[in-house]
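Take a look at these structures.
First subunit A sits with subunit B, and in the next complex the same chain sits with subunit C.
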Partner chain A sequence: MPVEIKKLTHVYMPGTPFEARALNEVSLNIRDGEFIGIIGHTGSGKSTLISHFNGLERSQPGVVFVNGVDLGEKDTDMIAVRRVVGLVFQYPEYQLFEETVAKDIAFGPRNLGLDEAEIERRVARAIELVGLDASAAEKSPFELSGGQKRRVAIAGVLAMQPSILVLDEPAAGLDPAGRRDMLELVKSIHASGVTVVMVSHSMDDVGRLCDRLYVLNKGEIAFSGTPAEVFVHDQRLHEIGLDVPECAKLARKLREAGYDMPEGIYRMEDVRDAILRNLNGGK
Partner chain B sequence: MLKNITLGQYFPGDSLIHRLDPRTKLLATIALIAIVFVSKGFCGFLLIAAFILACAASTGIHLKFLIKGLKPIFFIIVFTFVLNLFFQTGGEELVHIWIIRITDEGLRMASFMAVRLILLVVSSQLLTLTTSPISLTDGLETLFRPLQVIHFPAHEIAMMMSIALRFIPTLMDEADKIMKAQKARGANFETGSVVARAKAMVPLLVPLFVGAFRRAEELALAMDARCYRGGAGRTRMKQLKYQTIDLLAALAIAALLAAVILLNRFGPF
Partner chain C sequence: MNKPIIEARNVSFQYEGAQSPAVNDVSLSVAQGEFVAVLGRNGSGKSTFAKLLNALQLPTSGELIVNGIKAVTEDDCYEVRKSCGMVFQNPDNQIVTTIVEEDCAFGLENLGTPPEEIRRRVDEALESVGMSDYALASPSMLSGGQKQRIAVAGVLAMRPKIIVFDESTAMLDPIGRRDVFGIARRLNLEERITVVWITHFMEEAALADRVVVMDGGKIALEGTPREVFSRTEQVLELGLDVPEMMKLSRQLRDKGLSLPEGLMTVEEMAVELCRLK
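On to the complex of A and B.
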């Protein structure tokens, strides 16, 4: 089991008036090769949760395991853990600092202590993987556009060749075209054999891409399961400030109007097919 | 790790001291610092310490926050203590090992200086822990206003201070985020030699500076868009007004000063 979390509770600044319970007994499992979506409203604890995936936030022993390694133990080799779990934070373009794109991408591999030839190979591969032009390598990251900067930042994490990639709102703040491209990129990374965890609050995005979802509300897991299983709870999701994909809403309205729409459909193709079946009189 | 800095951190509350006019608190703190310097003996210090502790207790702020604030200057306190201990030569000799001589005068002086430093820091901490940064700068601006006659830019300085204070938590948050992001890429900020650790700060500082400049530009634009043009003719929603408690505070400080002066003259130690 690549990531296993058992009853994780996290309290910020305990014992002060600023005390805040960010996570409360959160348990989850992520299997090899899965595409997991973590959804929640702002402040629901999503970012705190993913910070536990590679030990940036520590917990008690026996709570967070990555590939069987207990991240709560004091003598766990954190660099080794970070080699396995790549973490791309929200707005990662703000973490760029080097003179050139290539040097910035090389930062992670260099910290892993790889030799120069291997670093060069990984940088070239990461640049290609995120769809940047090879000529961008020698440019300053600060010259690039916002979307390109974000690709550089993602390349910087991919160059560490993690087997689990965690992305916090990778499409936040991008225009519709940039958004589509970014999600395609995440999809292609998953297709190349990486286990992907994506934090988002767009139900449409996670519904289209993810195998399983975890819905966080006020630091607790409200729902988990396949998108179809989660989107059945549309009323409750609405109450906690979330939504279901547009197609699921349409399907529900049609069902309420008396049409024969199966429960839990949310993909555009499925809804389309169901509508066509109704139009053709159930044939 | 960055969340543990308390020096200058406001602690919300509704005690008498919280409700004092910021000008009163500023002046009282300055007076308190002066009183610490006026005191010539441990008797006076004892009284001042009792006064500060009573104030702190009335605010409901846990003592550990005051002690935590001493951490950054712990080294300075120890350094002063050691320096005074070894280099004060007057008085009766207590210990003499090789070239190290410790005299009773030295011991007295060393503890005197250390206590004085601690009292100075704790009293100014009481101010920042009980006063929100906004009201602190408001108070400063009002106090400095008479100096405008000699072209002292009171408003501008207060504005700069409030902007600086306003952005400390923002920048700390950002530093925390960048640090996490670089740690996720295998960066190591905690171990290694001094040079290695200084080098490790580059991936943190460059994005932090870039971000600070970006924010500064955005803020300037936002202020401009709301027609900010300096302090001239600016009115404020919350007017500062002295109240009875401010008078009481002034009287308490005056009483403390008188007591310390008396103790200087008649105190047993």
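On to the complex of A and C.
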């Protein structure tokens, strides 16, 4: 089990007037090769949760396990854990700092103490993986567009060759075409065998891409399951500040108007076919 | 149509040292009380155009008249900014004080408004965005959506005729987005404040009176949301998207359903489909 979390509670600034319970008894399991979506409104605990995945925040022993290693144990080799779990923060392009794209991507691998040939190989591979042109390697990252900068930042994490990649809103702030490209990139990273965890506000995106979803509300898991299992709870999702895909909203309205629409239906093709079945008398 | 409150005639703007103009020969007229959505891929010139409206930048060529003022001198710029407020993308970049109501009062204090008047306007502005209960809170304890509402209140306290929202919902969660968009729409309908709404969210643009699509610094497409989004191929080529319902209705039409063109919202779609049943 790549990630296993058992009743994780996280309190910020305990014992002060600002004490805040960010997570309350959160349990989850992520299996090898899964594509997991984590959704929740601002302040629901998403970022705190993913910070536990690679030990940026530490818990008590016996709570957070990555590939069977207990991240709460004092003598756990955290550097080894961070090689396994790559974390891409929100707006990661703000973390770029080097003179050239290649140097920026090489920063992580170099800190691993790899030899130059291996570093070069990894940088080239990461550039290719994120779909940047090889000629970008010697450019300054600051000459690139926003979407390209973000790709460089993701390449820097991929160059560490993590087996689990956690992305916090990878498409935030991009234009629609940039958004489509970015999600295609995440999909291709997942297809290459990496376990992916994606934090998102977009139900359309997680519905389209993820195998399973965890919905956080006020530091607790409100729902989990396949997108269809989660989207059945559209009213409750709305109450906790979330949404369902547009097609799921339409399906509900049609159901209320007497259409026979399966519960939890949300994909455009499925909604389209269900509508046609209704109108063509089941043909 | 009401008289124009924004009148751009062949406006261009080029950043110093840039190879080509960021805004290139744009002519646009916005009527008093209109809600105009501006779309366009990253780097299409949307934000630069917004800065011209607010006199943060002055056109390199062409003529731009905002609320009857053509900004030339520094004093003109201040006058333009009084009538045209701006809400930016990142709420953390536009909040300057440590108490919500002080933040809202910041602009008025700088204008030398009398204290009683400031009090009245700040209270009204916070009430208008539903944040009165947070008047004495620290902005750092608020969510992104709440911070954006504070930013809107700070602009409202200046009693602007126009508010430019430059991707003000980009960093918010769904409920924050709904709130901030809803406030902008209400201020437009009830207070007749002209709104220029820059966004990457097609569902928001679908609810505007008019949509302007920019590309390479020029206006590439313009019309009602229905007119613009009906040109699906062109919209996609411009790096944008069309609302989900538009895609679905096209697929259904391809399968032989007689649906009208230009369905954009879930509500419209549901009404039409119920008619067919």
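FYI, the second predicted complex is superposed on the first by the 283 of 283 C-alpha atoms of A that agree within 3 Å, B and C clash if a C-alpha of one lies under 4 Å from a C-alpha of the other, contacts with A are read in each partner's own complex, and residues count from 1 in each chain.
Throughout what follows, a contact is a pair of C-beta atoms (placed from the backbone, for glycine too) under 8 Å apart; a residue touches a chain by one contact, two chains touch by 3 or more.
Please read all numbers here as calculations on a predicted model, not as lab measurements.
For A:160, decide between first (touching subunit B), second (touching subunit C), both and neither.
It touches subunit B, and subunit C stays clear.
Just to be sure I read the superposition right, which of the two partners does A:14 touch: subunit B = first, subunit C = second, or both, or neither?
So A:14 meets neither subunit B nor subunit C here.
Which holds for A:61: it touches subunit B only (first), subunit C only (second), both, or neither?
neither
Which chain, subunit B or subunit C, is in touch with more residues of subunit A?
If we count touched residues of subunit A for both partners, the winner is C.
Looking at the overlay, what does A:43 touch: subunit B (first), subunit C (second), both, or neither?
So A:43 only meets subunit C here.
Contact-wise, after the overlay, does A:95 reach subunit B, subunit C, both or neither (first, second, both, neither)?
Touch status of A:95: first partner only.
Counting only touches as set out at the top, which of subunit B and subunit C does A:246 meet: first, second, both, neither?
Once the two structures are laid over each other on A, A:246 reaches subunit C alone.
I'd like to know which partner A:262 touches here: subunit B for first, subunit C for second, both or neither.
A:262 sits against neither subunit B nor subunit C.
Mind pulling up the subunit B residues that touch subunit A in the complex?
Those residues of subunit B that touch subunit A are 3, 11-12, 62, 174, 177-178, 180-188, 202-203, 206-207, 210-211.
Taking the complex as given, what residues does subunit C use to touch subunit A?
Subunit C reaches subunit A through residues 40-43, 89, 143-145, 167, 170-176, 200, 202-203, 239-241, 243-245, 247-248, 251-252, 255, 257, 266-267, 269-270, 273-274, 276-277.
Under the touch definition given earlier, write down the residues of subunit A that touch subunit C in their complex.
40-43, 145-147, 172-180, 201, 203-204, 241-243, 245-247, 249-250, 253-254, 257-259, 268, 271-272, 275-276, 278-279
Residues of subunit A touching subunit B in their complex?
So the residues of subunit A touching subunit B come out as 12-13, 15, 17, 51, 54, 56, 79, 82-83, 86-87, 89, 92, 94-97, 107-108, 111-112, 142, 156-157, 160.
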